[in-house]
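Common to both upcoming complexes is subunit A, partnered first by subunit B, then by subunit C.
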Partner chain A sequence: MASRDIVAYETPWTKVFHVFSAIFVAAYLVWTLLPIFIMFVSSFKDLLAAFQLPAIGDWSGVGVFFDFTPTLKHYQSLFTDNNFKVYMLNSLTAAAGSAVVSVVLGAMAAYSLSRIDFRGKNDLFFGIISTRMAPVVAVMVPLYSIFRSLDLVGTLTGLILAYTTFNLPFAIWMLKGFFDNVPYAIEEAQMVDGATRFQAFRSILPLVAPGIGAFVVLCILFAWNDFLFAAIIGSGGAKTLPVATRELVQPQNIQWGSIMAAGVVTAAPMMLLGLVIRRYMVAGLTMGAVKE
Partner chain B sequence: MTEITALDLSGAHPPATAGQSLFRVREISNNVEARPVSIVSETPVRRNPSPSKIYYFWLMAPAVILLLCISIYPFVWLIVMSLMDVGIADQHWNNFENYIRLAKDARYLSGWVLLLKYSALCMFFQLVIGVFLAIAVNNSRFEKFLITAFLMPMMIAPVVAGLVWYFLYNGTFGWYHWIFQSVGLLGSKSILADPATAMWGIVIVDVWQWTPLITLITLAGLKRVPRDQLEANMVDGASPFRNFVSVTLPNLYPVLLIAIMLRFMDNFRFIDHILVLTGGGPGDATKILPIYLFEVSFKFFKLGRGAAIAFTLLVVTIILGKLLVRIFDQAPASRAHSEEN
Partner chain C sequence: MAAIEINEVWKYYGSFPAVKDLSITCPDGSFLSILGPSGCGKSSTMRMLAGLEHISAGEILFDGERINELAPKDRDVAMVFENYALYPHKTVFENMANPLKLRGVDAAKIRERVVSAAELLELSHFLDRRPQELSGGQKQRVAIGRAIVREPKLFLFDEPIAHLDAKLRAHMRSEIKHLQRTLKTSMIYVTHDQLEALSMSDYVAVMHQGELQQWGTPREIYEHPVNAWVAGFVGEPAMNFVDCEVVSAADKVHFRHGNFSLPLSDEQRAKLDAGGAPKTVRLGMRPEVLAISLDKPPADHITGHVHVTELLGGDMLVSVRLGEERIRVKTSPAFAGTEGAPCYVVSERDKWHAFSHQDGRAYF
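For the complex of A and B:
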């Protein structure tokens, strides 16, 4: 609340601005939440109800949208007719697996990068982060070719490795920022007291734990929401939720109710997780360049 | 001689140094000012062993080795692949033909143009809406609630977002299509079905999903605009608008630059929603380069040509990334600024 104490002079123009910005924010709120709301409501609609629209230009007929009896059958069919339980488990395994690998290895690397200097460190650092910024499709071309020859296509191991190509550099980059904030004196004190180097490293982990925790969630978020890797490298044996949702779209017969229900199943957990780590969201999405 | 040995406090001096201490004592007696003789050796003994780098390198090794396997090796392999004709079973050298063909490939070139156009359009709207939104929301009573609501689209998987919008855009039962029609913006053709409007269709989805990121970044920047500068300017009689232009905006500049670079690169990176919405069509109207690359590599399985396209795309991204890192390095200056408040 840094600037709240400033005396704000009310002029006619600022009043106009305030009213205008309030309207703008309200309109934006509707615009940003409406698609989510429609997805949510449509997932409870029967097929015919989802197709109902008022006549063009008939704004008073908008009430048609709420004219339906809610049904849970789309959700039921996802888990009985489709194997969504398996896909969910696949998504979870792939996301959590890569998050754990990335954070464990990433924490060790980030810690040592934060503690020492050596020639070429900046180049190494840039090399590490540039893999994170590369276009997914471009990375996938050689990765697919390699994984195919190793029989990793269509396995969860392959998918975990593929996600790690992005999450590990990201982990090193972000966690280094966290370790940089911990003074070396703490480890020194530990070592004077007789701790080994590794024990000293472990002793400062609780200090960076909140950051690491938020970071695990971010890794899970990226992997869970990914489509391209899952569609190509996971195709066959390791189908994840986004891919399964996409496959519900068939040229002839589009099951909108099921698709919207699958969308809710895919999106809802991540929206909840997003709320939990809201505080770290900006830092995470800007790779630590901006902190809230 | 007796008084000299008495001054030799340590008493541990071997005979060879006796002459030295003798010399010093004589010097002291010559000078009026007497200085105590230091008995501490000049370089202190290191209590802690110097931090051994080897240990840290070992700690770093697993991550570096894994990265070598899953990102450096594939990168090298990408270059090799781009020089070869890659079939299902065999691959052979084809004399740079992949690259030569790219220069004549109209779709490849238009892919770049469309990619730039798509990025520019997305960026323009995201920046204008996002920054204005941040200013409107800043210090409002409902800031926390609003930000949480704005975050929601970013959490949704891009594919799911694409599907939801595909549903909303649908020409026969889509609610947004109904709105467009009722307002008179569109005819009966869905926004995605017409080559003239399809690009707008995908831009709208990207703007919907990622404008909040710009808002969040700008908001973080607004919080650290130095209060004293704003106040000083106001005392000097600047209007709120003038204050914004001459104080807030320059302070926001580094943060906005980061936001722009990040979004620019993300437009290169993520094509999930475009794949779902148009798949590059109608015709080639939305076939931005990554989509074309996806088609060549994973629809027609021309991995060699795909690799050549991927390599050019990667080179551009790496240059952009280098720029971004340079901007990051300059960012702490503005960060240190805020800590004074």
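For the complex of A and C:
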């Protein structure tokens, strides 16, 4: 990615602007990071310590917040009393499963839409995209009733199908852009060299790998963080982390420590994933958009 | 090796005919160029030969066998694309090995064939590199290598050297010609560059607006163009065209123009009569068959004024004004005429071409 020096000249206005933007960025960071920070710190606190907060306006009392003996008991209880190992596995299976199904079907559909002209192609493409325009809640009831009559409610298969329903149009839309940027000549060369259409399709997959990678990450993020589908379609047999966390809130007993620990357990893998792939992610998301 | 026959082939895109009733043959083992400007249907023709486009009507025969319905992979042709079409994520070796791998050739045999092709194309040192580490000329050689490892029936080259710089183009021209002579595989070469077509091929097919204009050896195309369009397209600098009247005077037929009156030979006169004895013609003269001088010559000549001179190193191109029209003369750099000076152009009568005013067809 080419970056260029931006020629800037200082004027009183730009100075004011710089100060203003610094303040804005600082406030924004506090706003976004503080809850995560509190969640992280509180997950290591006793219930008592968790509620030792300084009074509003008492800035000198901030020390109270950090005055505690760290404990891992919330994490232990998650995995011993609460079956979080199973829920984590459920989350992982549902996320990875729907990513795989969406990528396989999505890549083939995107390739066809990119390469083959047929009547009604644009309408079909719009139809595919339009399924993403309706809010999830709008289709939840019919979806639930379909899934129930197919005995898919409370199964991981059902959950994977539900996520795929929403990820597949996105996969097609995103990957079509990537396929559009691969020159026809490469697969034509393959076909003249002796490949079938399907072999030619497979041969250009490495060229859309950044797109596939970016999509897989977005797909996993969507499924991993989803609550609505998991709560309704997955309820019972296919409990995922967000749903399990929600169930720690019981009418007579809100287990704050466990909730915070569950939050960390849920958020940490995705944050790590984000850190690892962020470079590829940017490359993947922009490569489809900007023709080289 | 195969003899290729294209029989009355049409290609429609929607209702637009890109190729109209095309019939061309490429005898076994020969080098055929399809020459024409962009949009003339030459690439569509090549893609129909490769099987990348359906044939709307007509048929294509390889050694007398109809191949219209065969998938590209079953036609046993190898194609080199204008933009190389190498696999960017594979090494040169893997690129060249790919067609053999797809055909299930065993690894030892693949290595042997790729290595020998790489030697022929002087690519031996680059086998482990990836395409983006190569120059344009090297990439094109890899693409050619990928085509030759397979020993196909027919080579299809689609403007393979159009993207290279002028010097490398000249080098690759002779390399490709030599390669084809060595392998003796039939080759169909698509180009918009008349110089490539003339210098490399055994046969040239000139296309314009989807139609075949002329098919013949490069010499025939150059010396006996069938119409004004071919005459103007082939040859650099382009042929001069001057509109003249046909008049009879003193039992000779003359081409008359404000700046000259040139008598025809009896043979030329007979051809003109056979063509319907037109009242007007377009006289065509190649810049290289004209001679220019500042002194009035005794022979029949054209009078004009020097418009502009262009020095091309070893040659000089003189643009001569004949009233409103201009003709160009290729001469030696010794020519000393300055702009506006009166000058005299002499032309060998045998090298004249005469074309119909109406449809451009050649009388001679």
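The rule is simple: the second predicted complex is superposed on the first by the 268 of 292 C-alpha atoms of A that agree within 3 Å, B and C clash if a C-alpha of one lies under 4 Å from a C-alpha of the other, contacts with A are read in each partner's own complex, and residues count from 1 in each chain.
One rule holds for everything that comes next: a contact is a pair of C-beta atoms (placed from the backbone, for glycine too) under 8 Å apart; a residue touches a chain by one contact, two chains touch by 3 or more.
What you see is a predicted model; the values in this text were computed from it and never measured.
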With both complexes superposed on chain A, which partner does A:S21 reach: first (subunit B), second (subunit C), both or neither? first
Between subunit B and subunit C, whom does A:S203 touch in the aligned arrangement: first, second, both, or neither? second
Who touches more of subunit A, subunit B or subunit C? B
After superposition on the shared chain, which partner residues are touched by A:L150: those of subunit B (first), subunit C (second), both, or neither? neither
Touched partner set for A:M191, first subunit B, second subunit C, both or neither: both
Of the partners subunit B and subunit C, which touch A:P183 in the superposed model: first, second, both, neither? second
Does the superposition put A:I259 against subunit B (first), subunit C (second), both, or neither? first
With both complexes superposed on chain A, which partner does A:I36 reach: first (subunit B), second (subunit C), both or neither? first
Name the contact category of A:S112: first (subunit B only), second (subunit C only), both, or neither. first
Contacts of subunit A common to subunit B and subunit C in the A-superposed view 188, 191-192
Quick one: in the complex, what on subunit A touches subunit B? 1-9, 11, 13-14, 17, 21-22, 24-25, 28-29, 31-33, 35-36, 38-39, 42, 50-54, 56-59, 65, 101, 105-106, 108-109, 111-113, 115-116, 118, 126-131, 133-146, 161-162, 164-165, 168-169, 172, 188, 191-192, 197, 201, 221, 224-228, 232, 241-242, 245-246, 249, 256, 259-260, 262-263, 266-267, 270-271, 273-275, 278, 281-282, 285-287, 289-292
Considering the complex alone, what residue numbers of subunit B touch subunit A? 48, 51, 53, 55-57, 59-60, 62-64, 66-67, 70-75, 77-78, 81, 86, 129, 132-133, 135-140, 146-161, 163-168, 172-173, 175, 178, 181-182, 208, 212-213, 216-217, 219-221, 223-225, 227, 230-231, 234, 239-241, 255, 258-259, 262, 265, 268-272, 275-276, 290, 293-294, 297-298, 303, 306-307, 309-311, 313-314, 317-318, 320-322, 324-325, 327-328, 331, 335, 341
Could you pull out which subunit C residues touch subunit A in their complex? 50-52, 71-73, 75, 77-79, 81-89, 98-99, 102-103, 146, 150, 156
If we count contacts the way the header does, which residues on subunit A are in touch with subunit C in the complex? 183, 185-186, 188-196, 199, 203, 206-207
